[in-house]
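Here it is: the structure, laid out below.
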Amino acid sequence: MTQSFGFDVAHLLAGSMLVLSFVLLYQDRITAVLNVFALQAIALSLSVAWQALIQDSPHLLVTAGIALVVKGIVIPTALHRIVRRLGIHREIEDVISAGPTMLTGLGLVALSILLVMPVGETVSVLVREDLAFALAVILLGLLMMITRRNAVTQIVGFMSLENGLVLAATGAKGMPLVVEFSVAFSILIAFIVFGVFVFRIRERFDTVDVSALDQFRGERGERG
Amino acid sequence: MISPLHAILLIPAIAVVVLALIPGYRIGAILNMLASGLTFMAGVALLVVPRYRSDVLIIDDFNIYLVILTTFVAFTTSIFSASYIGHELETGRLTPTFLRFYHALYQAMIGAMNVALVANNIGLLWVGVEVATLSTVMMVGIYRTPAAVEAAWKYFILGSVGIALAFFGTILVYLVAQEVLGEGLQAMAWDLMVQASPKFDPKLLSLAFVFLLVGYGTKVGLAPFHAWLPDAHSEGPTPISAVLSGLLLNVALYALLRFKIILAANPATLNVGLIMVVLGLISLVFAAFMLYRRRDIKRLFAYSSIEHMGIITFAFGMGGPLANFAGLLHMTMHSLTKSAIFFAVGHIAQVKGTQRLADIKGLSTSHPVLAVGLALGVIAIAGLPPFGVFTSEFMLVSSSFARQPWLAVVLVFGLIVAFGALILRLQDVLFGEASGPAGEVKATYVPLFLHLALVLMAGLWLPEPVVRWFRAVAAQLG
Amino acid sequence: MAMTFHIALELIGQAIQMLLVLAVAPLVLGITRKVKARLLRRIGPPLWQPYIDLWKLMHKEAVLAHNASWLYRAAPYLVFATTWVGAALVPTYATSLMFSWSADIIAIVALLATGRFALALAGMDVGTAFGGIGSSREMMIASLAEPAMLLVVFSVALIAGTTQLSTIAETFVHASIGLRVSLGLAMFAFVFVAIAENARIPIDNPATHLELTMVHEAMVLEYSGRHLAMIEAAAALKLVLYFSLLACLFVPFGMATTDKGLAALAIGFGSYLAKVFVLAVLLPVGETAVAKMRVFRYPIFLGGAFAASALAVFLLFVSRGF
Amino acid sequence: MSACIGLWCVAGLLGIAAAGIVAGRWAVGTTLIYGASLVASLVGLAAALWHLLAGAAPETLSLALGLPGIGAIFRLDALAAFFLIVANLGGAVASLYAIGYGRHDTARLRVLPYFPAYLAGMNLVVLADDAFSFLVAWEFMSLSSWALVMANHRAPENARAGYVYLVMATCGTLALLLAFGLLAGPDGGYGFAAMRAHHPDTFTGALVLLLALAGAGSKAGLVPLHVWLPLAHPAAPSHVSALMSGVMTKIAIYGFIRIVFDLVGEPVWWSSLIVLAVAAITAVVGILYALMQNDLKRLLAYSTVENVGIIFIGLGLALAFRASHMDLPAALALTAALFHVFNHSLFKSLLFFGAGAVLTSTGERNMEHLGGLIHRMPKTAALFLVGCASISALPPLNGFVSEWLTFQAILVGPGLPQWGLRFMIPTVGALLALSAALAAACFVKAYGVAFLGRPRTPQAEGAQEVDRFSLAAMFILAGLCFIAGVLPGLFIDMLGPVVKDIVGARMPVQTFLPWASIVPIAETRSSYNGLLILLFLAVSGTLAAMFIHRYATRATRRSDIWDCGYPDPSVAAQYSSSSFAMPIRRVFGSTVFMVRETVDMPRPGEMRAAHFHVKVLDPAWRYVYGPLARAVMRTAVTFNQLQFLTIRSYLTLVFATLVLLLLVVAAWR
C-alpha cells in the first residue's frame, strides 16, 4: 500500500463527507435529511477505519464502529421514529433560500482551505487536507443549524458538526483514546439530553419547532 | 493516604453516587454541605502539600487559588442552598425527587469543575468544563416551567456548539503540539506545551485559539456568545445562579487563559490580546446598556456577570503584569461578590415572592439587614471602594490608560454606564415605601456576609501568598 | 514728643477730612436741587434747605411699624456709618491721611455695598410690597454696576500700579500720564456707575414717589424721623463720596500730596471744594437733559458702562504696551 | 506624630461608625455618637493645628494595607494639615450642632453609622499619599455621604438626588483614576512620592490637569458638572448638608491642588486659561441660579457652586502665575484661594445650620412659606445674618477679605506675558465682581424673605428658637467669621507654609504690621485693615446714634404699616422670593436661564384665580445631561432587542463572529 494510495482514499472519503454536508444543506425534506446524515456517518466511519489502517492504530476502529452503529444506524432510526410520531415528515421550510445558503457554504469551504493550507511544513499534507475537510464540515454543520428551524434538522446539523470533529480528531495522529471516549461520551450525553428535551418539548408544546419556544422568553411580554 | 489533590476529585464523585441514592432531601442537603465542606478542606490542604504535576494533573500557582476559591464558594453555596431549598419545597416549585437529582448534579458540577481546574491534559480540561456545563443545564431546567425549559434548551444548544468548537480547538492544539512533543499524552500536557511553545507552528496555534476563544468564550458568556447566560441565571434555582456566575464562568475563562499562556510563550502567533480586548469591550459595553431595561432581578445580575467577564477578558487582553494581575484579582473578586449578590437576591425573591424588580421596593424598610447585604454587594460589584473589585478596576483602568488611552476610555465609558444602571436599580429596590410581604428571612445570612467580608478584606489588604501567585501567573500570561 | 505731636497732627488731618465730607454733603445736595430748580425755571429751595430738613427730621419722633425688628432700627445707623467712613477714606484735600491705607478703593466700594445690604434688608423688614420692590431693584442695579466699577478700578489701578487711592492720586498728580483714551473711557463708565449708585436720573429719581418707577425711595418708604434723617444724610454723603472719588481718580490736581504745608493744604482745600461745586452743578444739568428710564432698560444703560470700562482696560494694553 | 494622631482619629471615627449601628437603636445614641465624633474631630483638629503652627516637617506613614507592593502611604504636610483643619473644624462644629439637631431625626440608623464614616473618609482623603488610598478614601467619602443623602429616602426627589450624586461622583472618581494612571505610568508608580519625582511632559501634564479639573470639579461643583450638588446637598440632613457644602467641596479642591500643584509640577500656561474660564462661569452661573431658588437649602447649595468658582479663580490665577514663574503673585493667588476655602467652610456651614434650624422649627425649606423669623428665632436670625453678610463679601467680615485678595491677584494679572491671559484675567475680574454683587442680592433675598417681613404661613408664625447645641455651633462659626474678617493677617500667616510648600514662595508676614492690617504685596500698592474698618464703623455709627439720641430725640412710636397709603393686611402682598428675583431673571433670562413664564390670566368677568408659573431649567440639564440620559436610554432600548431573538439568531451571531475571527486569522497570514 503506497503512501499516495492511502492519501487518495483518505482524501476521497473526507471529500465525500464534505459533499454529503452540502447535500444536507441542500436537502429540504426531513426524511431525506436523516438518510443523508446516515450516509455521512457511514462515510465517517469508513474514513476513520481507513485512518486506523494507515496510522496503524487499531483503537480507531472502535471509533469507526461507534460512528457506524450510533450515528449511522441508531440515531437516524430513532429520529425517523420521532419524526413519524410527531407527524412532521413533511417538507421542511428553509429560513434562507437554498441559493444563498449554498453560496455561503462554498465560501465557508474556501475559507477552511484558506485557513488550513498555508500552515507550515510542520504539519503533514495528509493531516492538513483532513483538517481542511473537517473544518469545512464543521462550519457547514453550523450553517445548517442556523438555517433550519426544525429542532430535528438542527440536531442533524449539530451531529454533522460532530462528524467533522471526529474526522479532525482521527486525522490527528496518535491523539490519545481518552479523547475518543470523551467524544463518544459527549455525543451520547448530547443525544440523551436531546431526547429528554425533545420529549419534554413535545409534551409541552406539541411541536419541536424551536421558534415556538421563543415566545416564552422571560421578558418578552414586558417589552417597551 | 489520599492526597488532597485526589480528594478534591474523589469526594464529589463519591457524593454524586451517594446523593443520587439517598431519598431524604434534608439528609441530602446536609450531605451536600458535608461533601462540599470536605472538598473545601481538601482544597485548603493543597496549600500545605508540595506542588504536583503529571501529564494528566497539575497544581501550580494558577489553579491553586482557583481550586480553593471554587471549593470555598461551592461550600458556602451549599450552605445557602441547604437553607434555601427547603423553602422551594414548601412553595411546591420542587419535589423531593428533583431535590435528589439536584444535589447529585450539584456535586457532579463541583467535581467536574475541579477536574477542569487541576487538569494538565487539555483534553481532560475540556471534559471537565463540558461535564460541568451539562450538569448545570439540567439544573437550570429543574423547575420545568416553560421559561425554565426554554432557558435550559437555549443553554444546551449554545453550550453544545461551544463544546464542539472548543473541542476542535483542542484537537488543533494537539496537532500543533504532537509535531514537537511527539504523539501521545505528553502532547496534551499543558506545562510541556508552554515550554515547547516557541517551536510550535504559530499559524495553526492561532487558528486553534480562535476556536477555543469562541468555544470557551461561549461558556464565559462573552457577547455575542452570551445569549444563554441571562436566561440560565434567571430561570434556574438561585444557588445555581450563584455557582454559574461565581464559578463556571471563571472555570471557562481559566481554560481559555491556559491556552493564552501557551500563545503568550510564542511571539510569532497572532496578537490574540487585541481580539480579547475587543470582545471584552463589546461584552462590557453591551451588557452595561442591557442592564437598564431589566425587569427581573436575577437577569439584571446575570448581565452584570457578562459585563464583568468582559472586564476580565479585557484585562487579560491588555496583558502586562498590572493588567493581568488586575484580571486575576477581578476574577476572584467577581466570583465572591456575585455569588454573594445572588445569595441576597435569593433571599429577596423568597421573602417577596417575586423576581420582578418592579415589585421589590423599600427593602431597607422591610428587611434592613438584607438591604445592607444587597447594597454592599451591589456597591462592591459596581466597582466602588473599599471593596476588592475596586482594587482590580483601579489597577486595570489606570494602567491601561497610560498605555492605550482610547481603549481605557471605552472601558471607563462602559463602567460608568453599567454603574448608572446598577445604582438605579439598587436605589429602586432599597428605598421608598416597602412593597410586598414583609416576612422574615428564613435562610441563613452567613454565606452572604462571609463573602462580603472577604471582598472587603481584599479591597483593603491582600494576603502575601495570593499576591505572589497572582504575580507569577501574570508574568506567564504575558 | 515730636512723635506724639506728629500723630496728633495726623489725627487732626483725618478728623478734618471726616468733618469736611459731613459738612459739605447737605450743601452739595442743596446745590444740585437749586440748580435743577433753576433749570426747570423754578426758584427752588435755598441752598441750606437740606441742613434744615435733616435737623427737622432728627427731632421728629420715629414711627415704626408694629413688626419692625431691631434690624430695621439699626440699619440707618449702619448705612450712615459705612457711607461716612467710606467718604472719609477717599482723599479729598490731601493724600495719605492717617488712616487712608486701611482701605483701598475696592474696600471702599465694598463698604458701600455693606450699607446697601443693610438698607435692602431693612426694606424687606416690615413686609410690604414697596419695600421689596425697592430692595430687589436696588440689588439688581448694584449687581449690574459692580462689574463696570471693578473694570474702572482695574484700568486706573493698572496705570497707577496700585489700588491705594492716595497713591493713585499722587501718581496722577506727579507722573506725566497725559491724556489717555483709557482714562477717558473709564471716567465715562465711572460717571454712569455713579449715577446708578446714587439713584439719579435716568436710573432713579430722588424726588419722586411714583410707585412703579422708584427704587431707593421705595426701599426707605417706611422710614421716618431720625432714621430717615440718617438715611438722607447717608445718601448725601454717598453723592459726595462719588464726587470725591471722581475728583481723586480723574482730576486729582491741587491736592496736597507730598508737601503737607499749610499753603498746600489750603490749595487742596480750595480746589476740592471747587471741584465738588462744579460737579454739583454739572449733575443736575445732565439730569435735566435726559428722561427717566424704564426699569428694564437699566441693563442697557449699565451695559454701556461695562462696555466702556472693558474697552478702557483693553485699550490700556495697547497704549501701555504691556 | 500628628499624622499618627490623624490616622488614629480616622480609626476612631470608623469605630464610632460601627458603634453607630448599635447605638442607633436608642435615642441616647444620638448624643453619644455625635459627642464621640465631636471629640475625635477636635483631636484631629488639634493635631493638624499643631502641625501647621509648629511648622513641623512633613511626616510619612506607611501601612501594610492597600495595593500590594505599594501599601497604604499617608503623609501629613502643610497643605494636608490645612485641609485637615478645615475638615475637622467643620466636622467638630457639625457634630456639636447635630447633638441638638439630631434629636429630631427619626431614622437614626440611616444617619448615625454614616456620619462618622463620612468624617473619617474626608480625613483620609487628605492624609492619603498614594493614588489607591486617595481614591478609596475619596469614594468612601462619596459613598457614605450618598447614604446620608438617602437618609430621607421616601421623597422621590431625594432618590433622584442620590442617584445623580453617586453617578456623578463615580464619574469624577474615574476621571481622577485616569489622571493618576497617567501620572503613575504603565508600571504603576502609584505612590505620590514617585509621581512627584517624575515630571510628565507638557501634553500629559495638561491632560492630567484637565482630568483633575473634571474629577475634582465634579465633586466641587464646577459648571457644568455641578448638577448633582443642588439636588444632593439639600436632600441630606442639615448638618450633613453643611459638611457636604462646607467641607466636602473643599476636600475636592484639595484633590485638585494636590494633583495639579503638587504632583504634576510645572503647568502649561493655557491650562490656566481653561481653569479660569470654567471658574468664572461657575461663579456667575452658580450665584444666578442661587438667586432663582425658593428652597433655602438649594439656594445655599447653588451658592456653594459660586464660591467654588471663586476659589477656582484663585487657583487658576495661581496656575497662570506659576507657569510664568511669577512666584509672589502665585503665592498671593493661592493664599486667596485657600483663605476663601477656609472662609467658605465657615459661613456655608453656618448658613446650612441656620437653614437646618429653620427647618426643624418650621418644617419648611421653601422660603415662600417663611417670613418674620427674626422675631421668633432672634438668635438664629442674628447668627444667620452674620453668615449672609460674610458670604456676600461685605467688609469687615471674612468673605470680603479673601475676595479682596483674589482681586489683588487679578490686578497683577496684566503683568503676565501671555496675551490670552491678559485679556482673560480682567474679564474674570469683572465676572467675579458680578458674582459678588449678585451674591449680596441673593442673600438679601434669602434673609429678607425667610427672616424678615411677616410670617407667610402658620408654621412660620409658630416657629421656636432652636436648642443650645445648635446655637453654640452657629455661634462658634459666626465668631470665627468675625475674627477671620477682622484679623485676617493671622490666617494669612497660617497659610504661609502651605503656600510656600506648593509654589515656592509665600505672602509677606502680616502679623506684625501695625493695627493688624494686611498688605499683599507692598503698602503703596494696596492694603486693607478689617480691624480699623470695624472700629470706624462702630465708632461712627455709635457716635451718630448717641448724638441724635442725646441732642435730638429718641422718641419712638409703633404704628401700622404705611406702605405709601395702601397698606394691605394680607401677608401674600409681601415681596416674595420669586418676585425678588424677577428683575435679575428678566435681565439674564434669555441668556443664562431657560426661563419659562406662563401666565394664565382670566378674562374680565371670570371668577377664577389667575396663575403665574415660572420654571427655571438649568441649561446643563437641557443641553448636556438630558440628551445624555436620553442617548443612554435609546441605546439601551436598541440593544435590548437582542434579548428577544430566537436561538437560531443567537447561533447566527456565534457563527458570524466565528467566521469573522477566522477571516481575521486568514487575513493575518
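In this document, chain identifiers A, B, C and D correspond to the written order of the chains, with residue numbering beginning at 1 in each.
To be clear about the criterion, a contact is a pair of C-beta atoms (placed from the backbone, for glycine too) under 8 Å apart; a residue touches a chain by one contact, two chains touch by 3 or more.
For clarity, every value in this text was computed on a predicted model and none was experimentally measured.
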Comparison of A-D and B-D by number of C-beta pairs in contact, larger one: B-D
- prompt: Just by CA atoms, which chain is the most central one?
  reply: D
Field: Of all other chains, the one whose Cα centre sits farthest from chain B
entry: C
Statement: Distance between the CA centroids of chain A and chain D (whole Å) is 68
- prompt: Measuring from the mean C-alpha position of chain B to the mean C-alpha position of chain D, what distance in angstrom results?
  reply: 43
Query: With chain centres defined as C-alpha means, what is the inter-centre distance between chain A and chain B in Å?
result: 31
Message: Quick check: how many Å separate the C-alpha centres of chain A and chain C?
response: 98
Statement: Residue numbers in chain A touching two or more further chains are 115, 118, 142, 145, 154, 210, 213-214, 217, 219
- request: Could you check chain B for residues that touch two or more other chains and list them?
  value: 153, 157, 161, 165, 203, 207
Multi-chain contact residues (two or more partners), chain D: 637, 640, 643, 645, 647, 651, 658, 662, 665, 669
Query: Which pairs of chains touch each other?
result: A-B, A-D, B-D, C-D
Task: Mind listing the chain D positions that touch chain A in their complex?
output: 637, 640, 643-648, 651-652, 655, 658-659, 662-663, 665-666, 669
Query: Inside the complex, what are the residues of chain B that reach chain A?
result: 121, 123-124, 126-127, 130, 134, 137-138, 144, 146-147, 149-153, 156-157, 160-161, 163-165, 167-168, 170-172, 174-176, 178-180, 183-185, 187-188, 201, 203-204, 207, 231, 234-235, 294-296, 299
Statement: In the complex, chain C touches chain D at residues 58-71, 77-78, 80-82, 84-85, 88, 99, 101-104, 106-107, 110-111, 113-114, 116-117, 120-121, 123-133, 135-137, 139-140, 142-151, 154, 157-158, 161-164, 167, 209, 211, 221-222, 225-226, 229-230, 295-296, 299, 306, 310, 313-314, 316-317, 322
Message: Quick check: in the complex, which residue numbers of chain D touch chain B?
response: 64-69, 109-110, 131-132, 135-136, 139-140, 143, 150, 153-154, 156, 159, 162-163, 166-167, 170-171, 174, 177-178, 180-182, 184-188, 190, 632-633, 635-637, 639-640, 642-643, 645, 647, 650-651, 653-654, 656-658, 661-662, 664-665, 668-669
Field: Residues on chain A engaged by chain D in the complex (per definition of touch)
entry: 95, 108, 111, 114-115, 118, 139, 142-143, 145-146, 148-149, 154, 210-211, 213-214, 217, 219-220, 223-224
